[in-house]
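First comes the structure, then the notes that go with it.
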Amino acid sequence: MQTVNVDALERATELATRFEARAHQHDDDAAFPSADIDDLREAGLLGLLVPERLGGLGARFADYVDVAVVLAGGSPATALVFNMHASVTGALAGIPDEHARALGVPEWALRARDAMLQEAADGAVYGVAISEPQVGSRLSALTTAYEREGDGYRLRGTKSACSGAGHLDAYLVAARAARDPDQGVISYFLVPEGDGIVAGSGWDPLGMRATASNALRLDVHVPSDRLVGGLEGLVLPLAWSMPQWLVASYAAVYVGVAEAAVQSGADYLRRRLDAGRNVTSSVRRRLGRADADVQAARLVLQHAARLVDDNPGEPETNRWLYRTKLLAGDVAMSAVASVAEACGLGALSRGAPLERLFRDARFGAIMPPASDACADYLGATTLGLDPVVAMEETPW
Amino acid sequence: MQTVNVDALERATELATRFEARAHQHDDDAAFPSADIDDLREAGLLGLLVPERLGGLGARFADYVDVAVVLAGGSPATALVFNMHASVTGALAGIPDEHARALGVPEWALRARDAMLQEAADGAVYGVAISEPQVGSRLSALTTAYEREGDGYRLRGTKSACSGAGHLDAYLVAARAARDPDQGVISYFLVPEGDGIVAGSGWDPLGMRATASNALRLDVHVPSDRLVGGLEGLVLPLAWSMPQWLVASYAAVYVGVAEAAVQSGADYLRRRLDAGRNVTSSVRRRLGRADADVQAARLVLQHAARLVDDNPGEPETNRWLYRTKLLAGDVAMSAVASVAEACGLGALSRGAPLERLFRDARFGAIMPPASDACADYLGATTLGLDPVVAMEETPW
Amino acid sequence: MQTVNVDALERATELATRFEARAHQHDDDAAFPSADIDDLREAGLLGLLVPERLGGLGARFADYVDVAVVLAGGSPATALVFNMHASVTGALAGIPDEHARALGVPEWALRARDAMLQEAADGAVYGVAISEPQVGSRLSALTTAYEREGDGYRLRGTKSACSGAGHLDAYLVAARAARDPDQGVISYFLVPEGDGIVAGSGWDPLGMRATASNALRLDVHVPSDRLVGGLEGLVLPLAWSMPQWLVASYAAVYVGVAEAAVQSGADYLRRRLDAGRNVTSSVRRRLGRADADVQAARLVLQHAARLVDDNPGEPETNRWLYRTKLLAGDVAMSAVASVAEACGLGALSRGAPLERLFRDARFGAIMPPASDACADYLGATTLGLDPVVAMEETPW
Amino acid sequence: MQTVNVDALERATELATRFEARAHQHDDDAAFPSADIDDLREAGLLGLLVPERLGGLGARFADYVDVAVVLAGGSPATALVFNMHASVTGALAGIPDEHARALGVPEWALRARDAMLQEAADGAVYGVAISEPQVGSRLSALTTAYEREGDGYRLRGTKSACSGAGHLDAYLVAARAARDPDQGVISYFLVPEGDGIVAGSGWDPLGMRATASNALRLDVHVPSDRLVGGLEGLVLPLAWSMPQWLVASYAAVYVGVAEAAVQSGADYLRRRLDAGRNVTSSVRRRLGRADADVQAARLVLQHAARLVDDNPGEPETNRWLYRTKLLAGDVAMSAVASVAEACGLGALSRGAPLERLFRDARFGAIMPPASDACADYLGATTLGLDPVVAMEETPW
């Protein structure tokens, strides 16, 4: 709904200002941005992707990307944490009931899903715990395993790079059926925080420092109704039916990073002009090229998001998602590096926005699917090849 | 109107196929594409920008860019000639009567303008003769002069790089009032082909060879009603009120060049695959990156064109026009160069589409405003500077 | 010897001026540069790589690259034809007698080799006919076959892209022993021009048009003493012991192309300055970056060539050869494209040096090993991997 | 002397290992690397540029750059501090006595200079305090002033970005004669640490954190013999006669940064391979391109340094110095960014070498003369223009 969008955007814009004021400290401490998350909760944005009938804002993917760009302009790390929550709620909300039923999802599982979404609208924060040490996000190689235990399941394993580990209310965990590991039955659980879940520490990276993307060690009992869809092995159809949450939702965050870099550089240079100093043509040109590249990436993002809402799952929609990820990841790095060069050392003191954005931006092209993998996907599909086969050599 | 758009696009798509079949020969001979122009006339596309009440299709700028992209996919040089015609008719049709009257345009001049547009709808082809040797397109330095002669004017001077010189029905000429050269009164005339107009020869360039962009020597009497707007000195307000025809309409042609390069490379590689040969990951990645860049440029073009139609003359609209020119010019070169590298020597025989596109593409970033000038404009406006002042050192 | 070098360079510099005067015509006609080759013969440069004891100049690889850069500055296509001749004579002259004897080469074959070199010093021109349609230069897939016939051999097959086809005195041909095609015995013959050799036609490419790189159809008797080394199956050790002629000798030509582009652009802009017109800072910067990149590539070329002379076959020497090919191929394209953008349309009339260089330059990164393959080789060896295994997926 | 060079390089190589072990801590604390400087002192490297007759190693500029590359491989920040010391001692030692006498330098000033050099050989560390807040390094705008006071001078002013501020034994200070500020007499003093010199704090930047490049407030009496050359106004001839210390000596540090990035990335990926994981072709190609670019920059650096030693002050020598700065600054950023993308998040934990190098590298193209200014200089001189006039619009 247009009104939802506008309203959510306005709230996000207001929050971004508050996030920005805290961003340096969170970055410095590599601290989870709890205050930002509280703000998101109070503003009702944790229910952004939750249907209105369940108390949420019922936003579509195109709404999400606009909100994410704005939030990233305040704090990219917070926007990434929000992205994970949005991915879980968006994916849960995104499959029409009829489609779920056609896949064999029982009614009680639909009700369980609604409950999880309702909790999010009420303020629960969710995260994603899929990738594993050594394995990355290749589902075929996951080692975290589950088996029946009482009326539920026991999950055992270690997840890596789980944004918000230890700070969230539940984690979307992918695990392998222990009974027959070779058969490769992979299932998703939304595992509630509690005993048997231990977050690691030590997340202390170059950029995106406030995401607390630590390891998560699991040896935990999970109730039956936390098996997503109530069916084992539902993972792959989900993954392929909603690539926007796997491929492109990050992209919105990095478009926000890139826009913030241009804005931040322009503000810095504007102050230099106001102090009576000069701005050379080479500085203007760097700023101008960055502006053009960033606005192009934003347009691609918004176009892809509208296609997701209007023609989900279409090959051309998916191609636009990969274009989005490729361009957003690359432009974040190139724009911030060139703007930093235009501004000079004075803009790169620790804690200055551009300094932090320079570090945050480096992660965009690297987060899966990496830029080179996106380019491969696009080239393969341009040639009419199946991208999975064509990219066999490029596991991600 | 949506129906106009769809209909015109369909006709353009059909023509593009015919253009492509002739493009190699036109390129080889550096010959004016008369057969293509005849096709455009028969399809009614010479009236694309002419209002329906005057017998045209009444298309808007957003329609034009879609048509131009498609035509350029068949023959970039023909699309450039068409662009000049569209610029003249679009500019004439683009100023609302009230606005013209407010500038002092008399009623007879409005009727004269309608007549010129009607002739275009009936099949007349117009071109642009503004730039001059040594001077380029800087209006302030033009030397072509006019003075009163009988009930009209005499124009004397030499124009350069006039696409279609010697092949058109009339030329839009900018000239300086001879009576007081220092005062810098510059006026536009739509000068009909006839005695006193001599086209040069020798246009034999790297690319865009079929535009016949030769010199035009003028020593000619022009009737009063061919003074555009019926007013002397109307040039500058026109130029500044309709930057789309000065800045961005070329861009559509180069987006078409870039798209054709990706398509042509993909076709070539597809045939290699069909012959049982391999396509390496580095080839796929080159194709994939080119695809993403080109599609981004196309989106920017279409977005800018919609803004032109909905919010003409706004600063943000103009910024999108410069973004469009910058990205289209740069992507045409980078995409065709990388796709050529991906395909290899076999795709670069003279007459092969990619070979011609490689040469055509080099002109995109160079045609005014050049890419570096666009970047300067964007950087200056991002800083809140007046781009004209900021770019003083960059005459174009 | 230093004196040889200086003397040869001086002759080459003088010839380059003559080549340049003919280059436009040769390019326009896609005609073999016979007059240039005659000049090379008269100047004694066909014996550049021939030992002094056999009547040649006894130059080393470092001498060759300096000469090739200079010749390419006059006519890149002629420099490529010369490169093929230099590759054959350089490879024949490059293996020390002791090394040849250790490989089993008989004395009569050493004498036959000396005779071939002597003929080159006396004015014979040699070319290379290795690659084949569909197969490229992968020796393992060659289909041209030879078998014993009388006291010599019969060769049958078709070669592709043989520079100078139909204009040379002999061709270095790689062929497969017909008696047991699966065993993959590949041998080299220096096949004299004569009956049974038919050059194709139709070489009409984007750039490097004057090389006459047509097909060569062979059904020909070859005397025994034209089996290189007098031994079958000697190809692979040769190929691997002298990668400079397979990997880096082209590079000298493209460094020459890039230098000529910068020089040509500077001359053009200098004339613009002399005519009282302006050169903007963005033009200066494009020229300056091109200059830096080109001079860096030239330095890498010369460094690699000295290593070839001093430490042939060493892994680090080979790495410098791949660096040379990668940088020379890439800089030729990027420098000429940026200089062309700096100069504008006026510098790109057909026949203008920059126009031709823009087309010639595109082939540098494409000629095997292509830039992407070179990068792969360098990355693999940086990681301590065997580049052949690492690049399995990248056949060239 | 060759032996000096080899010996100094060996010592530097050994020290680099020790520097590297401390680099993370120094970076984390933004702490001056006192332990590294002590190591340099003990190894005798503070006398690297001091003539042997004064107790130094008598190294030439070509020796210096080799040492600086190696030191930067251990700790770029320490190498920058060392660069400042080397600049002061190298500049003092670099002017032949006859040349100095011809400029009017009295004998007592030559003796004073020798004493300063001898102190360096004995372990004194010097720094550079030239640039000022708002002014940068434009000598014409400096505000720090000096006037006679007793048998010496009083200096008053504030310097910015003085590497090692507060940790050194003396500072090379540029100041303006207070008696007639408009006349623009600028003189250099080597001001000993002591009362009246107060170092600022707060240096806390993105990269190069361990240089302690703080402000320096001066209100200090300086003895007569600390006026460099014993003559007022000697600054400009010095600056123009020894551009290597103003333009290219930084470059060695950034070549070292770039080499370390490639090495560090290769080590990381090698460990991944050793753990049985894959390295894709796109990763190999990123590493390979970075390797080629970095080695080219190193070759340019060494070539320029040899020219400085053999043909100081020649226009072509100076052009190579600007090429060096341009390529080194740009390659440091591009290589480390691409290698980081190839390695992924695992290589970018804070304290990991690549993480620190990514931040350090950003300063290379920015430090004056910035890359865009170098490109302008090169373009201007390629056109035969006076670069100072041509670059008027580009103050640095």
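Order as written gives the chain letters A, B, C and D; numbering starts at 1 within each chain.
Criterion: contacts are C-beta pairs under 8 Å (C-beta built on N, C-alpha and C of every residue); 3 or more make two chains touch, one makes a residue touch a chain.
Remember, it's a predicted structure, so these values are computed and weren't measured experimentally.
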item	value
Both-way neighbours, i.e. chains that touch chain D and touch chain A	B, C
Chain whose mean Cα position lies farthest from chain C	A
Distance from the mean Cα position of chain C to that of chain B, given in whole angstrom	42
Computed distance of Cα centres, chain C from chain A, in Å	51
In chain B, residues with contacts to at least two other chains	280-282, 285, 372, 376, 393-394
Footprint of chain D on chain B - complex, ascending	280-282, 285, 393
Residues of chain B defined as touching chain C within the complex	134, 161, 204-207, 275, 277-278, 280-282, 333, 337, 340-341, 344-345, 348-351, 355, 358-359, 362-363, 365-367, 370-373, 376, 393-395
In the complex with chain A, residue positions of chain B that touch it	262, 266, 269-270, 273, 279, 281, 283-289, 291-293, 295-297, 299-300, 303, 320, 322-323, 326-327, 372, 374-380, 382-385, 390-391, 393-394
